[in-house]
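As structure tokens, here come the structures.
Here come two complexes built around chain A, the first alongside chain B, the second alongside chain C.
Entry: the complex of A and B
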């Protein structure tokens, strides 16, 4: 009866009014573009306004999934994920431990770690492109100075090496940002737990493994979801450093969807890549939440 | 009586509506006498504020707005080729975002816009102002004539022109006992490169990081080996990209690249760095379009002492010695946005841009070949050398991929050619192109 009461309806309408702007924005900027992209992925369109849009069914998906370029780009996304979990996560966590400790001069470290986050991606990309230049870059100069000239290669033009350079620059750029995620988890651990661990003789690495890491589980989950979805849609740093080249050797799926759409004028195929990435991102996020980080009963 | 009245009214309505349709279809091509009130037009260009030409283009825009206060011109200038191309694709994907004028290079991409009736046919405007059309020389025809794509008419207003040439440092060649006059064929050039390399001098330092560099070399070598007709043959697939003829071209590039003649860090430097290295004496030759003549050379001692000179791109087959890569460099196409005022204002802007005084002023500041005849003695010593070479040229074509039926070819071919700098074989280059053609069909 309550649900049908005038009071309820009034308060329901009032609540809806508050929620409405959010719903409108989500529909306009998320739901509608996704539906439109899904529809586009089933059609053929050359990207010119007014040009005919032809229904091709699943052809775009078949072409994408059988394309060598797409799987190469997925491999590059996998490199980003490997870098994220094997390099970025331990570094960011270590930095978080450091900035939450009571070391002297911690303010300097905090500022230094956050500095790359504050720089624009294009600026970071350009800076590292110059630093990694085989002719005049600082790394090449350094290797030359210490007599290791034979190790100078064109880092950003050599397949596999170039994507790993981009991955490492990406980790350098985002270490500070992810440090904040872990630091938030570490400072939330009550002091009593640390004191109890100390009384039990659990200190140093033992404390990190048995106390800090398990109690930061949610932070690891947040990091994992951000890392996986971020790696699938990595675009800006790749574009700024290599443009996905040479010969698409450093292209990520997001770079590929952009070039297929706006350079090759294959809007349907570009849409198909978008939908594949969206579905993959959702599936991996759900798997991480429900399988790897599932709360035990 | 009532029926008669209804019938008469219906008949009148029919006649009136037909008349209004006929009336609405009438377009006033006399844009100079069109009244403009608060009309804003958008230009999408590659104009570079940091380049010598940048302020000159801006002067044209400012001069136009001063002369026609009812029209405001807004520019979207993106100098980097790939970024400009991407931006144009984004803007042209929706009718609401289309600029009023786009800078383009003709070819299949522009033909794609014409196919969708997005580009205004300039023929009636040229008929309205015959003296305007007469001012254009033959160099820009490749940018305005789309009959090979099946579209009659004249699209776009051509502006600058170019020809790809070899620029050389006279001092470096003399120091290595190489007579530039002796370089007539590709073999002569390779022999000179061998000599330079043996003496520890870098012949070329190409910036293939911008993948158009090998793209241009591929086009130029095709014309110098098989003549300019190869553009249409490749474009219609009469000649295959993995056939023996094309492999011969890839092999010439590969041989030169493998021997280190074309550069020491092909994929690590871009075309700007390539020019800087040549300007500072780091390379003996520069393979570049004639726009190089007009670039800012402030403080370049080789240029100041007239040590940099131009020569024709060497032939592979002597029969085609005077056939080159070149033609109209840039043209401006009016986009049919459906707004007659905007279309008229755009046409008027291009008419102003190509008027005698404006072109003369532009040519004085930017001495590069133009598709519009100039009546001034403009130019520096290098542009005069280039003009003398152009005057003897028999036939030209632009980027060979632009004559292709598929719009993706310019990216496909350039990317595959980049593989040469990565060590790919000529078979791999051909296969990559053919596989991608099949994939994108």
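Entry: the complex of A and C
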């Protein structure tokens, strides 16, 4: 650098000023906290400023990995993924087919389907909590009206049922969002391919299976990555609807790490869950990118 | 041939049926909640799905008075707007030099920003709360806004860099010949050209900032400073007997977002798509 001209040096330093604020913020609030969390996960700490931080090695990880609560929360995350791939994906893809077809009023439908994402997760969660209320909620009312009163239970307080309620509300909220992704893929298919398919007599369901789906492969990959990482991170919707309860039965890993850290003050334990989630998220996205959806040249 | 036409008609009918059904499913909870927010508590307890005998508008003033609803909506709007302004101000210059200069460290910086995308916010909770206690910034909006900004930077820089790289470099050269420095080039020439992508990103940041929950949960403890998500959860948890105001609060919280969506829905669609495909 010392051999370069003065203007080069000036530009070099000036450019640095341009990126510096961003770098400082990212390092201070994203990179450093992750490293710090990794370090805390090897310690015992109750989260109070002056309290001692004692080194415990891998104890937190062992405790987490052998606790039933953690595996229960992983199972709940798995339910989220199953819901994502078996319910959300077909619905979102179906919606995408509809909004890219030649129906009238497509614009209206597209706008309508995307709306739930805008409402805010907490508001959506609370709204559905009311809908699912066992006393005055719409579902209870409906079951009463058709004489299936015995099936009315407190859905959000019954283990396994409650997490599925949350999963379904999550699908309600994000169907439109994922529709956008698939619709972008479908629109990108060149017209010539449609014409060729038509000439070959390939229409309807056959066309969807043999042409639309394979050509939207990229979008399925985008969906998979968002779905898998999103499921591990699911927090807001669960927190708003059940708070992870009762007895952590509907807690996802993210909810568990929050309650462990900020309610039970087990910062080390919470840190260990964080790091497990981070690593798992990275491994799964790399696997999805490089193995399952690998480009075959 | 006739058969084929009938089949086609049936198919179109089926498509409309499904499309309308989906729209109904989408709007139904919203409409039921809206109607319930206009009922008295007794009527709500009889069931949400009914038209009120008397339209009762008292729930809204009640929610504003008891839950401090307007204040928390204002807080959220402030935090969201401040976050988007700070994000754009920090991301634009960074994106400009990353897109236009070729110093080695800029590649490293870009890599650092992109690594930020991979970090889930939850992995930083414990440490962020620790930093905030150490700095004495609990309940500080400035700190909250910086945190929000930090988590939105990667996306902003990714989108801005991509956009600037797509612009013609001749423009820069011409401006430079006219004696335009980096800062002036950025503020007077590139920023106006980048308006579409800035709008896209601003909408994404706004949606995030308005309804963000988890950081406000750990960083804000003063109920006067609650953002909307926090205030709603607090209200529904502590005010369990009277449902009317709760419905009213939920509806009120959605209004700013719905207005933005109605006005800018095409921008929102474009923004969400850009944000999703980046991942």
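What we mean here is this: the second predicted complex is superposed on the first by the 270 of 297 C-alpha atoms of A that agree within 3 Å, B and C clash if a C-alpha of one lies under 4 Å from a C-alpha of the other, contacts with A are read in each partner's own complex, and residues count from 1 in each chain.
Note that a contact is a pair of C-beta atoms (placed from the backbone, for glycine too) under 8 Å apart; a residue touches a chain by one contact, two chains touch by 3 or more.
The structure presented is a predicted model; accordingly, all values stated were derived computationally and were not measured.
Peer 1: Identify whether chain B and chain C fit side by side or clash on chain A in the overlaid structures.
Peer 2: They clash.
Peer 1: Quick one: classify A:47 as touching chain B (first), chain C (second), both or neither.
Peer 2: Both partners, chain B and chain C.
Peer 1: In the superposed arrangement, does A:248 touch chain B (first), chain C (second), both or neither?
Peer 2: So A:248 only meets chain B here.
Peer 1: Once chain A of both complexes is superposed, is A:117 in touch with chain B (first), chain C (second), both, or neither?
Peer 2: second
Peer 1: Is A:135 touching the first partner chain B, the second partner chain C, both, or neither of them?
Peer 2: A:135 contacts both chain B and chain C.
Peer 1: Once the two complexes are aligned on chain A, which partner has more residues of chain A within touching range, chain B or chain C?
Peer 2: C
Peer 1: Quick check on the superposed pair: does A:181 touch chain B, chain C, both, or neither? Answer first, second, both or neither.
Peer 2: Second partner only.
Peer 1: Is A:213 contacted by the first partner chain B, the second partner chain C, both or neither?
Peer 2: Once the two structures are laid over each other on A, A:213 reaches no partner at all.
Peer 1: If we overlay the two complexes on their shared chain A, which of chain B and chain C does A:154 touch? Say first, second, both or neither.
Peer 2: After superposition on chain A, A:154 lies in contact with chain B alone.
Peer 1: When the two structures are overlaid on chain A, which partner does A:264 contact: first (chain B), second (chain C), both, or neither?
Peer 2: Only chain B is touched by A:264; chain C is not.
Peer 1: Once both complexes are aligned on A, which of 40-48, 94-102, 130-138 or 202-210 in chain C overlaps with chain B?
Peer 2: 130-138
Peer 1: For chain A, give the residues common to its interface with chain B and its interface with chain C.
Peer 2: Shared contact residues on chain A (touching chain B in one complex, chain C in the other): 47, 49, 133, 135, 258, 261-262, 267.
Peer 1: Given the complex with chain A, which residues does chain C contribute to the contact?
Peer 2: Residues of chain C touching chain A: 11-12, 15-16, 18-19, 22-23, 25-27, 29-30, 32-33, 36, 44-49, 90-91, 93-94, 96-98, 101, 103, 105-106, 109, 112-113, 115-116, 118-131, 133-134, 146-147, 149-151, 153-154, 157, 182, 207, 210-211, 213-214, 217-218, 228-229, 232-233, 236, 243, 246-247, 250, 253-254, 257-258, 260-261, 265, 268-269, 272-273, 276-277, 279.
Peer 1: Considering the complex alone, what residue numbers of chain A touch chain C?
Peer 2: Contact set of chain A toward chain C: 11-12, 14-16, 18-19, 21-23, 25-34, 36-37, 40, 47, 49, 94-95, 98, 101, 103, 105, 108-123, 126-131, 133, 135-138, 140-142, 172, 175-177, 180-181, 184, 204, 222, 225-226, 229, 232-233, 235-236, 239-240, 254, 257-258, 261-262, 267, 270-271, 274-275, 277-278, 281-282, 285.
Peer 1: How about chain B: which of its residues touch chain A in the complex?
Peer 2: Chain B reaches chain A through residues 82, 85-86, 89-90, 92-98, 112-113, 115-118, 208-209, 211, 264-269, 407-408, 411-412, 415-416, 418-419, 421-422, 432, 439-440.
Peer 1: Any idea which chain A residues touch chain B in the complex?
Peer 2: The contact residues of chain A facing chain B are 46-51, 63, 67, 133-135, 154, 156-157, 159, 243, 245-249, 258-259, 261-267.
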